[in-house]
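Each of the next two complexes has subunit A plus one more chain, namely subunit B in the first and subunit C in the second.
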Partner chain A sequence: MLHRLLSGDLPRSRVLAVLLILIVAGLFLVPFIFPGAKALDVAAKICIFIVLVASFDLLLGYTGIVSFAHTMFFGIGAYGVAIALTRLGPTWTAVAAGAGLALLVSLALSLVIGLFSLRVKAMFYAMITLAVATAFQTLASQLSDFTGGEDGLSIRVPELLTSAFPEVPRLFLGVALNGKIISYYLLAATTVVLFLVMLRIVNSPFGRVLQAIRENEFRAEALGYKTVIYRTASNVLSALFATLAGVLLALWLHYNGPDTSLSFEIMIDLLLMVVIGGMGTMYGSVVGATIFLLAQNYLQDLMKVASRGLSGVPVLRDLVHPDRWLLWLGVLFILSVYRFPAGIVGKLRMKAVVKP
Partner chain B sequence: MNSTATSAPALEAIPKVKLDLLPMLLLPALALLAIPLTGSFSTWVTLTFAGLAMGMIIFIIASGLTLVFGLMDVLNFGHGVFITVGAFLAVTMLGLMPAWTESEHLWRNLAALVPALLVAMVVAGLVGLVFERVIIRPVYGQPLKQILITMGGMIVGEELIKVIWGPQAVPLPLPAAFRGSLLMGDAAVEKYRIIAVVLGLAVFAVLYWVLSRTKIGLLIRAGVHDREMVESLGYRIRRLFVGVFVAGSALAGLGGVMWGLYQQSVTPQIGGQVNVLLFIVIIIGGMGSIGGCFVGALLVGLVANYAGFMAPKVALFSNILLMVLVLLWRPQGLFPVGKR
Partner chain C sequence: MTFALETRELTIRFGGHVAVNAVSCGFAPGTLTAIVGPNGAGKTTYFNLISGQLKASAGSVHLQGHDISGLSAPQRSHKGIGRAFQLTNLFPNLSVMENIRLAVQSRAGMGLNMWSIWSSHKDLIRRAEEVLETVALTAKRDLAAAALPHGDQRKLEVAILMALQPDIFMFDEPTAGMSVDEVPVILDLIRGLKTQGDKTILLVEHKMDVVRELADRIIVLHNGALVADGDPAEVIASPIVQEAYLGIEVAK
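So, the complex of A and B:
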């Protein structure tokens, strides 16, 4: 059963299995063990980014394509739902319409970008997607009648997802089961489903071909696979999953703007999460997203303590300043690319193989 | 790049590469086209100078990037770090000499600016040396890792710059004698833009001279064209590459000072922000071509300024549009290089 659910791609490392169980259990029990809005918010972000990072890994880790336009599709999903809910009112039909339209737009865009530019070298693709993503971000902030410009759109979501629903929430283990909790669990459940679908994809024969292309494109072509088609398909799939992650983001935040879904900072965060977690391993996205978002939200508190402790030492004090948390993750990122390109997950799996 | 003609009769059979004039004609054509569109001649002069100045600065920054790519297929996403380092060094250096930068005498301003430029170049070059050694060397020939690792270098570099100079925007005022504008007829041209144009031309002239008239330049051009052939002739292309990388970083530092003065304020993100612009320029020009980089940078600068005046909304996308148009015409860029 479990074997089928995970598509035969088990963690293959006891430490990793324990880690994953801890993360999943933690995510599902957050409202009960860590009360408070911040913990729930971080947990929801982790869920959304697991989907987003996994979809990026499909492209970067499994197919070996570097794209900087991934947040564009994330943004399309978020804007699709946000715009639909603003125009059509807070109904589920609007959510479906927005998500559907967003998926269509992403499909068309990723197909066009893929067919036009996936024939070229990796570098060109990286540069072209960077340019397209920048243009898209400018476009989104310029069409202010439509997208709310720099301010973004605050949206009203279907009643079931609002914290005012129901008027008198039932208590369960001391936690009020209101719309916020309901939407969190819907989000977590969707994450699990989407993740398992992606795990299925990368472990299918199709996924094997993608990995073959990553390892040696020429040889894959020689074996008779039309690599352009496979690469484009991978591009489209990863764009669609990113769009769905965007839909989840807008529904959770009740808001979308250029900084929350389109900015280049998020693209960099994504890169960090994929690489630190482990490229080419779906579980890496779970580990990477969790570590990164925990660091983003809690490492600063830790560094504040360190910074205060070192307030007498001039340079070191600045290096551990709470705002410099990205510096340390950046260093970790570079070390990951050099020392363990398969990230934390790859490292753990390798250890499990070495001493059985 | 043209091969120099030889007079030896035996070699006369070698066909001489024809000078490709068409892309160069784009610049005057674009400028002429803009005269009726901008309305008045004086506005046109102002805009043209603004565009040329911007283009020259971008060229200074991008020249190293395109050569580095041409030589070793290394695309440095962290090139922006050198720009930022240069710009912040200018802030520090000029901040040390307030009496001279605020003086009305031109020579005193120059005495402050020239050391600032030199220091920025030297330090950016040194940073480039370290960057090459630590970040790029371990991942030669692995494009995917290269993109990731140079991106990582960019992140860490930017954060380290924040550690040294702080995260906030810092004003970088022009030295006193460079402020204001000159009147040419009834067209106002900012003095600093003229300086930028002159400096850009000087850099182009020096680069062109080095590349076309010296042994090193010959090797660089040959390496861009066919690296393996140069290696098999016994030249150590790695060493050449390190030199080009350091020189390119130094030029980016110089360009960073110019860019900072152009914007009159410096933020730690200043380098990352021009990255996209740089990529567009080197793609338009043809990856690895210094002449293409020059024409591409000027095209981008001119189009950005004309479009910014005529249709500000369109201006935000003018670079991308320009790139698409150029690539539709010549998919390899204006001046295709070597086997690429």
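So, the complex of A and C:
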């Protein structure tokens, strides 16, 4: 059962298995163990980014295609739902219509960009995706009648997902089961399903061909695999899952704008999460997204505490001042990439092979 | 008769250089043809034209009488043309087993299956294990291909070709760089293919003792052109081969 659910791709390391169980259990219990809006918000972001990072890993880690247009598809999903909800009102039909249209747009765009990938070398392909993504970002902020421009769109979501629902929420273990909690659990459940689907894809015969293409495209061709088809399919699939992550983002935030889904900063975060977690491992997306977002959201708080504790020590006090949190975040990432070039999951699995 | 494989006036030019020059040659099923010639004679280029890695400037390639000149490398692979490469050409970070399994999977036409678990296709794995056994690599099945010593990599290269089960086998110096005690494994495999009787085998080889032992026929390429073709003993004895190919040995 577990074997089928995880597509035969078990963690293969005890430490990793424990880590994954902790993360999943933590995510599902957040409303009960960490009350407060911030914790729930960070947990929801982790879920959304697990989907986004996993979809990027499908392309980068498994197929070996470097693309900078991944946030574009994320944005298309978020804008699709946001625009549909603004125009059609807060109904589930609007959500479905927005998501459906967004998927169609992503399908068409990724197909076109994917076909480019056959014509040009890896580096130029990366440049093309960068150009397309930048153009799209400009377009999104210029078409302000549609997209709300730089301000973005604040949206009203179906009533079930709002914190005002129901009027008198039931209490469960001291937590009010309102629309916010419902929408968090819907989000978490969707994340699990999407992740397992992607895990299945990379462990299918098709997924094995993707890895063969990453390793030696010329040889894959000689074996009889039409790499054109596989590379394009990988591009399209990865774009569609990113679009779905975007849909989840807009529904969670009740808002979408260029900075929340399209910005190049998110693209860089995404790259870091994939690399920290471990490219080509899928589980890396869970570990990478969790560690990155926890650090991004809580490092500053942690430093505030440390700084107060060290208020008597002159240099140290300044070093851990909360304003320096970005510096320390950077140091953490450099260290982790330096210490774990294969990512955390890659490293754990290697260790597990050495000492069984 | 219809040849299993035939090239007609097959030519490729790189700028002003004619690497393969109007080579017309037919290969009958059940025979092993050795292709010899000095370095730079165009042997590997000739192979690339047949298996589709290069497109001919002129002339054509025919498989069972059908013109396949317009087909891509993967399409030719599916039509039954199998190729082992001169420079070892593997999936370096995938396991030995996976290298072979991917070939078996391609042969089974399963590549686009996205919804089953690869390891649930036990028949493919069993078939890959059989091939692994024939090249005596079973003990190293879980090693990464890149971690194998050179001789084993050559064996794996041949094993991948076997796993594809083609009708046309093209070996490009299969024993190059192998230690003496490893060579027989490969030669036995090729001999085994010959006894099946319906396989067409093309072999580029520099070691004349190997050629003498295995070949039913020898063709000689020199500066991209076919300069001799016939019975091994005759061809080896002919003056043109003595001069063009074995010249160095004679000079010694």
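Going forward, the second predicted complex is superposed on the first by the 315 of 356 C-alpha atoms of A that agree within 3 Å, B and C clash if a C-alpha of one lies under 4 Å from a C-alpha of the other, contacts with A are read in each partner's own complex, and residues count from 1 in each chain.
Keep in mind that, in the parts below, contacts are C-beta pairs under 8 Å (C-beta built on N, C-alpha and C of every residue); 3 or more make two chains touch, one makes a residue touch a chain.
Nothing here was measured: the structure is a model prediction, and the numbers come from that model.
Participant: Touch test for A:333: subunit B only (first), subunit C only (second), both, or neither?
Facilitator: Once the two structures are laid over each other on A, A:333 reaches subunit B alone.
Participant: When the two structures are laid over each other on chain A, which of subunit B and subunit C touches more residues of subunit A?
Facilitator: B
Participant: Report for A:205: first if it touches subunit B alone, second if subunit C alone, otherwise both or neither.
Facilitator: second
Participant: With both complexes superposed on chain A, which partner does A:12 reach: first (subunit B), second (subunit C), both or neither?
Facilitator: neither
Participant: Pick one for A:156: touches subunit B only (first), subunit C only (second), both, or neither.
Facilitator: neither
Participant: Looking at A:216 after the superposition, I want to know if it touches subunit B, subunit C, both of them or none. Which is it: first, second, both, neither?
Facilitator: Second partner only, subunit C.
Participant: Considering only the touch criterion stated at the top, classify A:127 as touching first (subunit B), second (subunit C), both, or neither.
Facilitator: first
Participant: Can you name the residues of subunit A that touch subunit C in the complex?
Facilitator: Touching subunit C: residues 4, 7-8, 200-201, 203-209, 211-212, 215-216, 218-227, 229-230, 233 of subunit A.
Participant: Where on subunit B does subunit A make contact in their complex?
Facilitator: Those residues of subunit B that touch subunit A are 69, 73, 75, 77, 135, 138-139, 143-145, 147-149, 151-153, 155-156, 159-160, 162-163, 167, 272, 275-276, 279-280, 283, 313, 316-317, 319-320, 323.
Participant: Please name which positions on subunit A make contact with subunit B in the complex.
Facilitator: The contact residues of subunit A facing subunit B are 60, 64, 66, 121-124, 126-128, 130-132, 134-135, 138-139, 142, 264, 268, 271-272, 275, 315, 318-319, 321, 323-324, 326-327, 329-331, 333-334, 337-338, 341.
Participant: Spell out the residues on subunit C that touch subunit A in their complex, using ranges where they run on.
Facilitator: On the subunit C side, the touching residues are 51, 53, 72-75, 77-78, 83, 85, 89-94, 98, 101-103, 105-107, 110-121, 160, 164.
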